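The following block contains the structure, expressed as structure tokens.
Letters A, B and C mark the chains as written, and numbering starts fresh at 1 in each.
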Amino acid sequence: MKIAVCVKHAVDETELKVDAGGNPQLKGAATRMSTFDKNAVEEALRLKAAHQGEVVIVTVGTPEAKKTMKEALAMGADRGVLVSADPMAIDTRRTAELLAAALKKGGPYDVVLCSEGSSDMYSGLVPPMVGELLDLPYVGYARRIEVSGQAAKVERALEDSVEVVEAPTPLVASVVSEINEPRYPTLIQIMQAGRKPVEELSAEALIPGAGQSVSLVRGMKAQAMARKRVVFEGPPEETAKKLLEALASEGVLPR
Amino acid sequence: MATYSAEQRRLMETFYPDHHEEYSEVLSSLGTFMEKELLPISPKIDTGEVKIAGPRKALLKQGMCQIAFPEEYGGLGLPFSVYAVAIEMLGTAEASTCLSVEIHNAVAEGLNRFATDAQKSRYLPGLLTGDSLASFTLTEPASGSDAGTMATTAEKKGGEYSINGSKMFITNAGEADLYLVFAKTKKGPSCFIVESPTPGLSFGGDLKKLGMRGSRTSEVVFSDCRIPEGNLVGEEGKGADYAKEILHGARIIVAALNVGIAQIAYEKSLAYARQRKAFGKTISEFQLIREKIADMKTDISAGRMLYLYASKVKESGADYSSEASQAKVFSTEMSLRVCDSAIQIHGGYGYTTDELHRHWRDARLLTIGEGTSEVLRLLIARRELARSQ
Amino acid sequence: MSVSVWAFSESPSVANEVASSASSIARAAGGSFTVIGLDDSGPLLAGEEKVVLKSDVPLSTSPEAAAGALAKFAREENPDVVLVGSTRDGKEIASRLAVKLGRPCVSEVFGASLGNGTLQGKRNVFAGKLVAEVAVPLPCVVALKVGTTSALPASEAAAREKAMGSLPSKTKLLEMREKQKGTVDLKGAKLIVAAGRGVKKKEDLAIVSELAAALGGAVGCSRPLSADMGWLPEEHHIGLTGVTVHPDLYIAVGISGQLQHVAGIKDSKVIAAVNTDKSAPMFEASDYGVVGDLYSVLPAMLRQIKARRQ
């Protein structure tokens, strides 16, 4: 079975600093694999273990993305494909087109997995776009995937319901973070990850004019979080009293 | 808090300009594991609610004790200081587990240095993956710093040795699969591998300690405990030399452990000082608190640099016993200063919160264990006076 | 040349919310809007101009088929802006439409308006740490964040029906299980008390429920309690990948305040927190905080609430 996982190398939002004017300091910010991508990689590794095969990591990224690539390879993936482009400088459709082109070039894949959304932008658009572009069955928000023979049975987690859907392989799916607990790579795996092959593709060679797509994002600024941050300390009877009084004065306690 | 810090990264860059990226990847990954899997349960390990066996095994499986060992036995072949920094992070995340792991690792190092190839092939791989746990069995009820006066004996009887006597204050006793035991033969103190279970090998109850409560510490009793003669490590009569050599390395590690304990106590103090208000301000604005913060920070930086320097001297192959002793004496005493300041800064909460004062309780062991500060000061002074002649 | 806007969601209640946004956006730009529905949803939809797309099988059970129907109709009518509710299925439909029609697409947008041949709006990024301004050139497909506007009531106007012929779906729906809707609809709740990892045992959730009940509020939780430990069903999970809420009062009990959780409560009027850890990020995100053990503070609060009522 040949499994592809689309991942994104993203700025670590927990480490992102914002200056006094509310402007984010993106240049030089700490970066890492998008949080939920690990679940997609883990699911791919489980499929590989059950069905024999290989797991290929595909990403659209700058050279910095090699770090995320290495992390996924350390978890147990076999090789990687890096499409050189900055996902923050192009729009989601162009990112999906580049991924689809890379998948077509390296395919055919039996299963293509993505996360439910990247930890930086959380659009959730790229996976279904990839499915649409490749003209493959697409199942979103999978919390359980079972493949047998040429078909897959997928449980989808929606807002108000759970759907069980059947789809033939090859297929594209996005997974929710509840699907599994990603494994930690062991130190030996980390040290050996550097030896696994990573193919680099130019965006321009895949799609002429690829670099000309422009991001739809005009600017980003910190939310004005003007919370009062009043903190009460002391014995519970006292602090409980102070809290209730404060809430009453805000008019948010029921009569 | 346990993750690989910017300071540790900078030090590795300084010491290893060509290879630091690889070492940082390894340390960063271990740090993340420790922060997510060990740090949150650490308070419960202190109270006894959670046992260290499971977390310790998971950590060893990650590769904690493979770092500085040769690849042929399942090691990563990385420099000793990478292991030392990993220990500092573990000291921050979970001190009891750290103590248990460093003792285990010290035995593996001893075997790596002094055992035969056959013995190494038999025992090292299991120790490195954490499939088996080891215990360093030297100290006795009546012999500590003066290990030469040990009373445990090993008598040759046919193709076996019979070990008789008892050991005390042994870490991992009762849990370990392999004991590195020092006992006297006719030729003097010698070193043996004793596997558990073996008839004649028994253990006392877990001793109630001031700190490091997650780590099991007890008596080990040998009563005509028979082991094959092939379990002798190295040569009879050389046991004292082997023990000394193993302990020199362990002292660097203990120094790192205590720097780690000091680090977490310090970080908690910083956070508290920023929040706690008195006289209408946060206490971080008071000069006497700032003095403490500055001293704690400087102390920790110095401790870190000392153990890393001692590691580098060890790696070079030169005699590092003085550097190791300096690092241990300084860092163990320093960590007590820092943890004490941490209690002071936290005020009433410092005295009444187990989660905070346990750092001092954990740190308090190591001016005693693995070479008392007194004995090590003598070693340092002897070296200095020998040199100036 | 007036701008034409479509409002759509595969869920009629969300469709009416999108209709509300479409109404203000279109009116402000001097344009018109049409509400698009599927199958037999006509009577449930708001708006005066309604078109319901039909096929030989229900379109609402397949986002792929629904997108196919919408694309087919869009090629006939050429709406400048297609607004879709940013639900999970909605985002799939929007994505497919964007590819089929060759249009740009952005999701989770709020505060949208038209101007300079673009649709401008905002979206939360970096787990809610930042707000991004987006500008999408027309014609476009935009998925609007759910829960940011009140839904228009269903209108009595009749819906025009359009038969779309047979539409392919590569996947087959085998089963659909509605989630047990407990007594909880966090999205509309005015007062929420939420539990986090500070609660040590599942049984201890009782004290949190008690406080919620005493205040007439709903119970929520941070992700670990639903996803990891299964103490509460998923619909109680508040956060980036869970429910976004906007109550008047949100009380976080034993919640550390990770970004992923705070992202779901930003629009609360007043936020309060109880936590033993003075340095917990939750306090930075709160108006009022109590540093203390929930096991002592919550009973104290309950005692005082009861005393007040006497």
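In this section, a residue touches a chain if its C-beta (ideal position, glycine included) is under 8 Å from a C-beta of that chain, and two chains touch if they have at least 3 such contacts.
The structure presented is a predicted model; accordingly, all values stated were derived computationally and were not measured.
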{"item": "Pair exhibiting more inter-chain C-beta contacts, A-C or A-B", "value": "A-C"}
{"item": "Chain at the geometric heart of the assembly (C-alpha centres)", "value": "A"}
{"item": "Separation of chain B from chain C, taking each centre as the mean of its C-alpha atoms, in whole Å", "value": "52"}
{"item": "Separation of chain A from chain C, taking each centre as the mean of its C-alpha atoms, in whole Å", "value": "20"}
{"item": "Centroid distance [mean C-alpha coordinates] between chain B and chain A, Å", "value": "39"}
{"item": "Residues of chain A whose C-beta touches two or more other chains", "value": "231, 233"}
{"item": "Multi-chain contact residues (two or more partners), chain B", "value": "275-276"}
{"item": "Multi-chain contact residues (two or more partners), chain C", "value": "278, 283, 291"}
{"item": "Contact set on chain B toward chain C in their complex", "value": "268, 271-272, 274-276"}
{"item": "List of chain A residues in touch with chain B within their complex", "value": "70, 74, 184-188, 190-191, 194, 231, 233"}
{"item": "Interface residues, chain C side, partner chain B - complex", "value": "278-279, 283, 291"}
{"item": "Chain A contact footprint on chain C (complex, rising order)", "value": "63-64, 87-89, 91-92, 94-96, 98-100, 104-108, 124-136, 143, 170-179, 181, 191, 215-216, 227, 234-235, 240-241, 248-249, 258-259, 266, 269-272, 274, 278, 283-293, 296-297, 299-301, 303-305, 308"}
{"item": "Complex contacts: residues of chain B adjacent to chain A", "value": "22, 25-26, 29-30, 32-33, 61-64, 66-67, 76, 275-276"}
